[in-house]
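Heads up, the next two complexes both have chain A, just with different partners, chain B and then chain C.
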Partner chain A sequence: MAVEERDKHSGYMTTGHVWNGIKELNTPVPRPVWLFLIGTALFSFVYWLLMPAWPVGVTYTKGLLGIDQRTTVAENLKAAALARSEWTQRIESGSFKEIQADPHLMTAVRQTGHRLFVDNCAVCHGTDAKGGKGYPNLTTTSWLWGGEPEQIAETIRVGINSAHPDTRVSQMPAVGRDQMMPGKDIPKVVRYVLGLSDPAAAKDMPAGEREAARTLFEANCAACHGEDAKGKIEMGAPDLTDRFWIYGGDQQSVLATIWDGRQGHMPTWEARLSPVERKILTLYLVDLRAKTP
Partner chain B sequence: MLAQLTRDERLNALIILFVVAACGVAMMIAGQGDPLGLHGGVVLAAAVLGIFGVVAGYYAPEPSEARFSQYYDDPSKIGIILAMGWAVFGMFIGDWVAWLLVYPDLTFDAGWSSFGRIRPVHTTAVIFGFGGNALIATSFHVLQRTSGARLPDQLLPWFVLFGYNLFCLLAVTGYMMGITQSKEYAEPEWYADLWLVVVWVAYFILYLRTLVRRREPHIYVANWYYMAFILVVAILHIVNGLTLPISLGSAKSYSAFSGVQDAMTQWWYGHNAVAFFLTAGFLGMMYYYLPKRAGRPIFSYRMSIISFWGIVFFYMWAGSHHLHYTALPHWVQTLGMTFSVMLLVPSWASAGNALLTLNGAWHKVRDDATLRFMMVAAVFYGLSTFEGSFMAIRSVNSLSHYTDWTVGHVHAGALGWVALITFGSIYAVVPWLWKRERMYSAGLVEVHFWLAVAGTVIYVFAMWNSGIIQGLMWRTYNESGTLAYSFIDSLVAMRPYYAARAIGGLLFLIGAVVGCYNIWMTVRGVPRAAAEVPAASADPDDPIRQPAE
Partner chain C sequence: MFGLHYRLERKAIGLVIGIIVVASIGGIVEIAPLFTIRQTVEEAQDMRVYTPLELAGRDIYVREGCYACHSQMIRTLRDEVERYGPYSLAVESKYDHPMLWGSKRTGPDLARLGGKYSDEWHVAHLINPRDVVRQSIMPAYAWLMRTPLRTDDLGLHLKAMRRLGVPYTDDMIANATKDAEAQAAPDSPAAGDLVKRYGEATQVRAFDGQPAQLTEMDALVAYLQILGRLTDAAHKPVAGSGG
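So, the complex of A and B:
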């Protein structure tokens, strides 16, 4: 049976049990262990008295401090909103011009607008708002639906081809695929369109061909893009004479656009961002454009 | 392997395999056009492979009576090899996931390799594949030695080991196909869960049947922990796995709980998986291999007792600290936090008991990397349990929650504690199991030790930095009173730390590969030049004095 022995190194007795050569010392539990156990237990008891802690039937002990995370967070949010209201109210009530003229308000717009833009818009438009293929560059002067603050604010509110009842709606038809124009004519229109913004490309095209292509353009494209090809804001049709392209301005991309059509999509932000937040975003974009060389 | 099974056991093995094969066929038929059907194919293939193996050796001579005078170690040997295989696989995937966060294009445009799928492959492969196999293998070894009894039969341990690995295989292949319950560390779907219940109950029965025949009237501490591990994991797994499949032909199921109750059940499971899988089981490992390797008695039997009951009692309450500042009622959070704070004491008592056991053997710690693995593991156990209790305090958690600090904390425990104690134990047990004088190369153990420690430290420091920066960025306000940083801003700030973390992980992975080579050469019995190796570790088993029936 169990035979206790004294461990030479520590001076403690063993318990006398042996498992495949392993023995155990009967060392008393060191005092700090008890102290810490009592200490942490006391801390817990006090904490339970002060805070919501133990379930009792269908309710629970509320704690002497009367703290609850729900009321705490509600109070914090209220206090933070109150602190911000100094400037948010002025943004809410002021006109775009008034706000733009107020450097203090514009500081708040830049700080808050950057965070709002990157958290909500950057996934498509990029953190620098310069867009990407299929997503417009927002730092240019070329705006599909108008670059005035009111127009930008409306685009953000209702979106483009979105689920919002007032959504902006626009579609570039699949001119080639749906055979709206004879296939042989399409390369001509492509060359013509490229020439609108690129004088070198225009020069390459013989004058006769160019005239024929202009007729095709006027018959098929001008309804939306305008006879001067400068686009129509009410249609969301882009200006084809500037150097900005959403889907690419090389021959292949323009051909793809005309052949298969395009229908971009931008979600509505009315339900997801407050009016003040949308106004801040609008001002942020106008400000960003002004700062972009 | 088959030669050790009696004729009856071979027949039983065949019956079991045919039942498994039938289940596979049923899954294939019911789950046509569903991932369940594919998994049926996996189950069938595994069973057919097993049937071939059994049939091929069916008429081999029966094992002799002499086997009863020896412990049955072959399942432990295979278990250790499986554990090392899963370790390399799981750590490779882990490091891939880590690089994926630095270079998001590393999915190579495939669905199965997206972050959401290979992350659970990593966690399952290392926790359940590596950790679980190591626990099963060492528990068989420790159980027999500390009981002085041979495992009760030759079939059940194989059923447990291979059944468990089938579960792991279903889990990781399932994730890549998009099958998941979306519960962390409990991702496998209902049919895999059911199979694990069968395997796990068999494991518990096997444990009890051996323990009941022990020679020493007292049950050794390591077995308390292994038993707690097996029993509690069964309870956790069953309760958290209560789901209703949408049909018997579908892999998809829905939890029996909803909303915040589901979250609470999940984190009661999740935190106790940390407690009873990643802590209790590995404490069992530590309580055997550390004193054995050090040649010292356990520092204090009394401290073992209060640590064990402290850990078992306090951990059960701590899960709600994963849900601070959520829809979970405040009072549940209070309980989770306070019990987590009290939990620190028994945790540190365990770590202290391990380190104080080394008193009188510190010169061995200096010279023997195997023992040093175990010593550093105990230190990391102490560090990460302190960190855990600290992070469970609500105000600290408001900074750390959802950040990489949590990831760093988990890896301080998983790499620093769990993996190091496992490697130390494996280096101790491999020469004993394969009857070698020592590991093939003590130098390579040393190399592995430093790679593992360096990898862990780099990993943990990188995640502390990134986690705290993240937490601070998310709560920084500008003078206008709105948030100063967008989420993407914080991601950009994380990038250098993600690269550092991936490098730390790579070191750890290389260490595991070195370990595999060393173990393989030891198993093959390749001799080394005598000059290289000092400390011999002859098999310290005393023979079974009373034959196991």
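So, the complex of A and C:
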């Protein structure tokens, strides 16, 4: 049985435990620790009273402050929208020209537009909007579906070959694979197409062959790309005479495009971005294009 | 005041039982109400189940450890809602066993990924993320494109999910393998049966771009494209749970 006794040196009682002749002091819990424990306990009582806390059967105590994170976030969003409304309303109601002429609004467009672009568009078109293989460069003058602000806004809204009912639809058919043209003629058309934007590529093409290729082009390609090969925005068919390529402008890439066809896909943003967000993105792109040499 | 404690300390079993009782209070208070409080999981009448192909994709997502870097949980915070979309509801992961909310975001949250990007983008990105996002540090998963998807055991997967409360019908379980193949073969006659079983909103496409072959890429992309789209509940204004 343990024998508790007072330790002569410290004045405290011992616990009565002895290990190899060493006795254990029963030092009381220090006062700061007590105060801290009491303080946190009191805090939790107050907290339980004010905040949602204890479960009670099928419901729980709601707390006197009535705080709910879902309400809080809804209020935060509303407050943020209100803080922005000073300029978002002017963007919403203004025409593209009016907004572009307003340097104050355009500063907001550049900042917010960049954020929106990076969060939503950059994974395909790149953070600098210069695109990549299969994803058009948005800083050029070459726009598949038109580069006017209204046309860009509509493309963002409905997408291309997307799930939207009003989607823009386009398809480059698999001319080679589906045997729309004899296989032996395709390399000629490839050279002809390359020559449209880069005369050097078709320089050593015999005149007769070039004429044959032109006939093939007019019979098979001109319906969408136009007689002059400058593309048709109502069909989303690219201009073949400029120096911009979506899938690459080398011989191999153009051959692959003609052989297997292409069908790009841009999602619809109508459900994901609000009208004003889409308008900001449109203005951001138009502004970006203007700044790109 | 320490009298009880002194007596407990001297009886090992009594002390152990005491520790277990005290330590479990916290757990019980946190977990038990989830089963009793009605507001824990919202109601969503339009909630759909994963198709066999999406479920297979989900298994690949787990197998490759995607959850280690991507969360699937948009929190009720302004910046998250503004970036990713409406915050996640419990009902949206009602049929997730196990749930993949995660808490580590080396990459972005994926809870609202479905429909945000094209299938082609997902395929290119999984084959080599650097091809489309130059600054990405995500590993490449190119073999998914080359690996045929195992489908013969999908019926059993569905059955196991039904045990856990996912309302798969006998019809769905019996046709799981066929349905998985049909979902990535848009022009097949079986695709119609699939849509009949799983609803009009079912996405039937050659997800990996090659209709002739059913690969693991098909399954994973099908799964990524359904994220956040099993129900529209989160897009409707939700009354505060306090009401």
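FYI, the second predicted complex is superposed on the first by the 249 of 293 C-alpha atoms of A that agree within 3 Å, B and C clash if a C-alpha of one lies under 4 Å from a C-alpha of the other, contacts with A are read in each partner's own complex, and residues count from 1 in each chain.
Note that in this section a residue touches a chain if its C-beta (ideal position, glycine included) is under 8 Å from a C-beta of that chain, and two chains touch if they have at least 3 such contacts.
Every value quoted in this text rests on a predicted model; they were computed, and no experiment measured them.
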A:T27 contacts which: chain B (first), chain C (second), both, neither? first
Under the stated touch criterion, which partner chain does A:S10 make contact with: chain B (first), chain C (second), both, or neither? first
Looking at A:D68 after the superposition, I want to know if it touches chain B, chain C, both of them or none. Which is it: first, second, both, neither? both
Just to be sure I read the superposition right, which of the two partners does A:Q89 touch: chain B = first, chain C = second, or both, or neither? neither
Mind working out whether A:Y60 is in touch with chain B, chain C, both or neither, as first, second, both or neither? both
State whether A:T141 touches chain B only (first), chain C only (second), both chains, or neither. neither
Check whether A:L77 is in contact with chain B, with chain C, with both or with neither, and answer first, second, both or neither. second
Under the stated touch criterion, which partner chain does A:T215 make contact with: chain B (first), chain C (second), both, or neither? neither
Which residues of chain A are in contact with chain B in one complex and with chain C in the other? 52, 54-55, 60, 67-70, 73, 80, 119, 122, 127
Any idea which chain A residues touch chain B in the complex? 7, 9-10, 14-15, 17-30, 33, 36-37, 40-41, 43-44, 47-48, 51-55, 60-61, 63, 67-70, 73, 80, 83-84, 87, 107-108, 111-112, 114-115, 117-119, 122, 127
For the complex, give me every residue of chain C touching chain A. 29, 32-33, 36-39, 76-78, 81-83, 85, 87, 115-121, 124-125, 131-135, 235, 238, 240-242
Chain A-touching residues of chain B, taken from the complex the two chains share: 145-146, 148, 216, 218, 220-221, 288, 291-292, 296-304, 306, 310, 325, 329-331, 333-335, 337-339, 341-342, 344-346, 348-349, 352, 359-360, 478-489, 540-542
Taking the complex as given, what residues does chain A use to touch chain C? 52, 54-55, 57-60, 62, 66-74, 76-77, 80, 119-120, 122-124, 126-127, 132-135, 163, 264-267, 271-272
